[in-house]
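Lettered A, B, C, D and E in written order, each chain numbered from 1.
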Amino acid sequence: QTFVLGMKGPGAGNPFWAAVEAGAVAAGEEHGVEVIVVAPPQESDVQAQINQIEDLIAQGVDGIALAPTDPNALAPVVDSAIAQGIPVVFVDTRGTNEGVSFIGTNNQVGAALAAEYMCENLPEGANVAILQGLISQSTGQQRAQGAHDGLSECGLNIVAEQPANWDRAMGLSVAETILAGNPGIAGIFASNDNMALGAVEALKQAALLDQVMVVGFDANPDAANSILAGEMTASIAQAPDNMGRFGIESLIALSNGETLEDWVDTGTVLVDASNAADYQ
Amino acid sequence: MNGTAPPLLEARGIAKYFGAITALHDVNFHVGRGEVLGVVGDNGAGKSTLMKILSGLYQPSEGELVLDGRPVRFASPKEARRAGIEMVYQDFALAGNMPIYENIYMGREPGIKLGPLTIIDHKKAREMARSHLDNLHINVKSVDQNTEDLSGGQRQAVAIARATAFHAQLVIMDEPTAALAIKEVGKVLDLIRRLKDHGVAVIIISHRMDDIFYCCDRVIALYQGTNFAESPLAATSRNEVIGWIMGTKGHTESLAHDRLQ
Amino acid sequence: MNGTAPPLLEARGIAKYFGAITALHDVNFHVGRGEVLGVVGDNGAGKSTLMKILSGLYQPSEGELVLDGRPVRFASPKEARRAGIEMVYQDFALAGNMPIYENIYMGREPGIKLGPLTIIDHKKAREMARSHLDNLHINVKSVDQNTEDLSGGQRQAVAIARATAFHAQLVIMDEPTAALAIKEVGKVLDLIRRLKDHGVAVIIISHRMDDIFYCCDRVIALYQGTNFAESPLAATSRNEVIGWIMGTKGHTESLAHDRLQ
Amino acid sequence: MLYNPKLSKFLESYGIVLVVIVMMVVIALSRPDVFLTPQNLTNILKQNATLALVALGMFVVIVTAGIDLSVGSTLALSMVTLALASRMGLPWPVVLLIGPLVGIAVGLVNGIGLTWLKLPHPFIMTLGTLNAVRGIAYLVTEGAPISGLQPEVRYLGQAYYDLGIFAPPAGIPASLIVVAVCAIGLWFFLEKTSTGRHIYAIGGNPQAARVSGVNVNGVLILVYVISGFMAGLGGLLLAGRTDSGFPNAGLMLELDAIAAVIIGGASFFGGRGTVVGVLAGVLIMGLLRNGLNINNVSSFWQMVLIGVVIIFAVWIDVIRRRAAVRT
Amino acid sequence: MLYNPKLSKFLESYGIVLVVIVMMVVIALSRPDVFLTPQNLTNILKQNATLALVALGMFVVIVTAGIDLSVGSTLALSMVTLALASRMGLPWPVVLLIGPLVGIAVGLVNGIGLTWLKLPHPFIMTLGTLNAVRGIAYLVTEGAPISGLQPEVRYLGQAYYDLGIFAPPAGIPASLIVVAVCAIGLWFFLEKTSTGRHIYAIGGNPQAARVSGVNVNGVLILVYVISGFMAGLGGLLLAGRTDSGFPNAGLMLELDAIAAVIIGGASFFGGRGTVVGVLAGVLIMGLLRNGLNINNVSSFWQMVLIGVVIIFAVWIDVIRRRAAVRT
């Protein structure tokens, strides 16, 4: 049996996908099935992903665990897979197709978790900023929204919300600019760790690292090291390997005629100095 | 040519600046219907620049053009062409990536007109081009050759063919014989005479006195960007004209020694 | 010129094809040291193509070149130049975006040599260019003008200046006088005589019999891509040469009627 | 020397088609079980319809020695506006028109900006619209994709005709017919009409076109309008295929389109190229991706191979051309 | 008519600097409290150092009427290889050299491929390397960023000199000095040396350069090597600044670099442009982004405004030029 894991990006610049892939491959080995992992060259390349999945359907695979780059745009492809009797589950990002199970994190809840942490550790009314991911993607929107709502509800003052497109260099540049314009900043939330690490660089150079709390998202190894080194303050861990693992296992279950829950939550965990060592 | 009827085309007080460079200043001249006007002058005297103004390629910095007694402004060569002015450019101005016949009929393709669009009759265009070139006794291997693959003389011939393919009031030829072999030169000069017989005015720039004295009615000389001398052909001589080109009037025998025995 | 010493440059059995077109076939000729060779022929006869083969711009499809008795292959104009062959191209081949003086000295800039690099002495290059152009009696407003802003004749003058700025063994001139005014034509022809006096060989292509008969030692005619006739200048006449251009040998009086009185 | 001028001329113009055939053979040999299935071939046609349209538009621009960087953004804006219109419940014939009309509007802005503002090169003007139009596409949708199109609007992008011989989902896609109609229409326009020839003339020597009385600015505006229209039509097909309008559609599409045009033998300096060549260029890009996908090549290796094969395909073409012409 | 040829010539060559000044005034007026702070000005310089280097390299290529699409990928490959080398514990002088050397290697591949394979246009060759080199960057890192560089390696990208007058983190960044040295060196090379002039000649008329005895292929190879070297050096600065090598660095950098070069007044058709213009073009792009960020403009509006301002900046420059020259 051959199952497909269709990821959003090739783990490029983001170990998150590497972990998803590892989880899926490990599950495949344990259950003795072949796992094909595909991904478009960039997370924004919707068409490439559509083409990949179509080409795989043409090969007659036995199941697809898909992280859709754009849920709407992928919906017709998913429908056609189901129409040909190929079971599909969504991982990481929920699709729009009715009756297709979702295996992944609630990004908005995760970002709210980060916001809650910042609220607890910063005085009320303190100035904070948000580095957004690609705001044209649902993940980017959900994390930005979760953070925005969480931070403003508990009375922190959001002075800047700027996109840095998931990118470390851009995270650094945008953070530098925010710091130049807002001297009294006390906390920065970044929608992923790459941007958070960029912000840490900016703070280091501005000699403000000890005064500003940086919270990221993903808890990748770089971020974990940074937290242990006392630079970044916290991050939100998803369980990407679970996404891959549960994805393949769910497909096996579906092809054996079993049924799945609508949402298999893989959970989020707040990572700070106390537990960062687990994520190195 | 003067008296009551205005000249075909008149230029008054023309100046042309290119940044710091003054190519023309205060140039005046006219050409009548069916007249062949020779324009001579040293290299860089401003002959080509003046002609490009007449053909609408350049706009004059100062001065005005008068066509048939009415002031005109040509914003583009298209407008000058519509007024019946054709020009053979010194650098030929051909689209090298296109065949000979398409260069000749560009902008006036034969075929079925559908509003602004013409559905080109390529076969007809080829035949027309072939017979027109034959008339001019110009020898090319095929009218389908791209002009970038032609020899210098062949290119010049195509440029001449383009300017004379349709009925014009005035044909301006900027050194039309420079790259041509002897036989072709004769054909072009005969063509100019034929144009004149059909009432078409011709302005010809040339450095060859043979050309000027074979077909012109009148000759004017530019010197360093402005009018220098002018005379009906009958009232002047080769040596006098050569003197004008060098910027001298009067005794010129001594200056012209080396080229004319 | 023959006998023991080999000619300076010899071409044997040259052919050149452009796809379906045969521009040259089985062309043979030679030029000796200090000899001025005139090349004539109709438009499209293949003169320029032949010369581009000599200057290394084209490679011959068939045949070989022999320089000083040794067969040579010029893979690029750089190699031909190194062998002392300079050429004035019919289309001038100037970089329009660069000033006159840089065009003249391109590839051989004066200045401090650092391995393959030369740190250019722009001041010196300007002065050299100015004095060289003055020698040729060529009139430009400034050696800093870009060549694309020049008149046709000025451009041709720059191309001639480039080919004669350095000591060559052989200078090839493809219609060097076509765009020039009378005075400048005289200067160029005198220059050719001076080059000859210094032992430099010159090949000149021209459609003007005046040019050919003013300075050549020998003349050869191409017709439709191959050798047609050849003669020392002293042993021929204008009318005979004109006949060759038109592809006739022998009685030519009748053919030459229209241009030569 | 065996030398046939007709054959040489044919090879010179259309020999790139040989490269396409060689690629098909190589891919078919690598996965005989998958590549030649009707479903896979249908996929290739469907997947490349949008690129084909955009590349045809880009081709017209490149023939004038121009460039249109804004095609990807134009496609996105067309998609999202027609999806919005569809969701607002406008009648479907109106919705169908909206995509191409938006494309035409962007093309007009490009063309008029270029000629009236006299910008030094279309690169700047269309880089400007690349950014601005994409921004507008995000603004009108607030960044979120819009799905749920009327079935009539989806028809062109999604329908296929199994002709009673193919098992679904294989067949002749409607989008192939759209591409064919556009390609033939464009070929006729470029080869047989005066304005089409003027486009080539402008690419060869704009000065020559001008002195021949061609309205160069008018033709340039038209050219960018054609490119915009094609991008809009491509948006319509893509919206139909995906049942949604998403504002990040067509990112980097301009590079793919330009690559297809140049691979197909058009010159970056204008004046040269054929419609058939462009279609071949599109197929080369499409076959390449398909071949790598059906061989399950990892995305990193895909990048490396795409790069190498692009160079190689064009190089083969260069060699073929040189072999066809004696010098 | 008041007309001063010297002034006109100066305006023609360097007037784009006026556009920079106007932009600075506008941004300063919009956020007087922020824009002119030493910290913000330092930021602008640091953030645009990499783009400046890459644009300078791209400029040399564009002067020959070429294009180098691979600069972004080259930068990424340089970054990740030097980061790998740093992590492997190679001595820092070796690591420092690796970035530029990788760039030179890619440039050599581009130049040699272009001239030896006789590809019709560098677009294809460098599009190939754009893909292939990026793929290699992903492959060597398996897609993951590599952080933790030796401090000496980071120096050029990160250090700044406060000269005792600025409060940290403001000061003269070391990267500015790198850019200045490169710009002055390139200016000298292009204006004062034979090879530099040959680069302009090739852009003006490659045939003319060839018949003047210029080794056109050799110069072209050199030009792509320079572009690669600059991209590699840019990678070194960016790696130093971010303390990591990530394989998706420099995505779309080629468009930004080309835009800066063209905005700075170079011609896409080769043979024209100045080093000062390129630096002005880079500053225009950088100021634009900075101005939008410090005004907290949302990302969608940023796109729209970037597009509009790019067009506008070039248009102002066109008008200025026309005003400076009488016709």
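As a working rule, contacts are C-beta pairs under 8 Å (C-beta built on N, C-alpha and C of every residue); 3 or more make two chains touch, one makes a residue touch a chain.
Everything numeric here is computed off the predicted structure, so don't read it as measured data.
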| item | value |
| --- | --- |
| Mutual neighbours - chains that touch chain A and chain D alike | E |
| Most distant chain from chain E, judged by the mean position of its C-alpha atoms | B |
| Chain of greatest Cα-centre distance to chain C | A |
| Chain B-chain E separation of Cα centroids, rounded to whole Å | 48 |
| Separation of chain A from chain B, taking each centre as the mean of its C-alpha atoms, in whole Å | 72 |
| Centre distance in Å when chain B and chain D are each reduced to the mean of their C-alpha atoms | 44 |
| Distance between chain centroids, defined by C-alpha means - chain D, chain E (Å) | 30 |
| Residue numbers of chain A (touch at least two other chains) | 10, 42, 135 |
| Chain B: positions in contact with at least two other chains | 18 |
| Multi-chain contact residues (two or more partners), chain E | 138, 143, 299-300, 302 |
| Chain D - residues contacting chain A, complex | 34, 37, 39-40, 43, 46-47, 50, 138, 143-147, 158, 169, 238, 241-244, 246-252, 289-290, 293-294, 296, 298-300, 302-303 |
| Residue ranges of chain B touching chain C (in the complex, touch as defined) | 18, 21, 41-45, 47-49, 90-91, 138-141, 145, 149-154, 157, 175, 178-186, 189-190, 207-210, 242, 245-246, 256, 258-259 |
| Contact set on chain E toward chain D in their complex | 65, 69, 113, 117-121, 123-125, 127-136, 138-139, 143, 252, 255, 258-259, 262-263, 265, 267-269, 299-308, 310-311, 314-315, 318, 322 |
| Of all residues in chain D, those that touch chain B in their complex | 192-195, 197-198, 200-201, 203-205, 207-215, 270-272 |
| Of all residues in chain C, those that touch chain E in their complex | 55, 57, 76-78, 81-82, 87, 89, 93-98, 102-103, 106-109, 111, 116-120, 122, 162 |
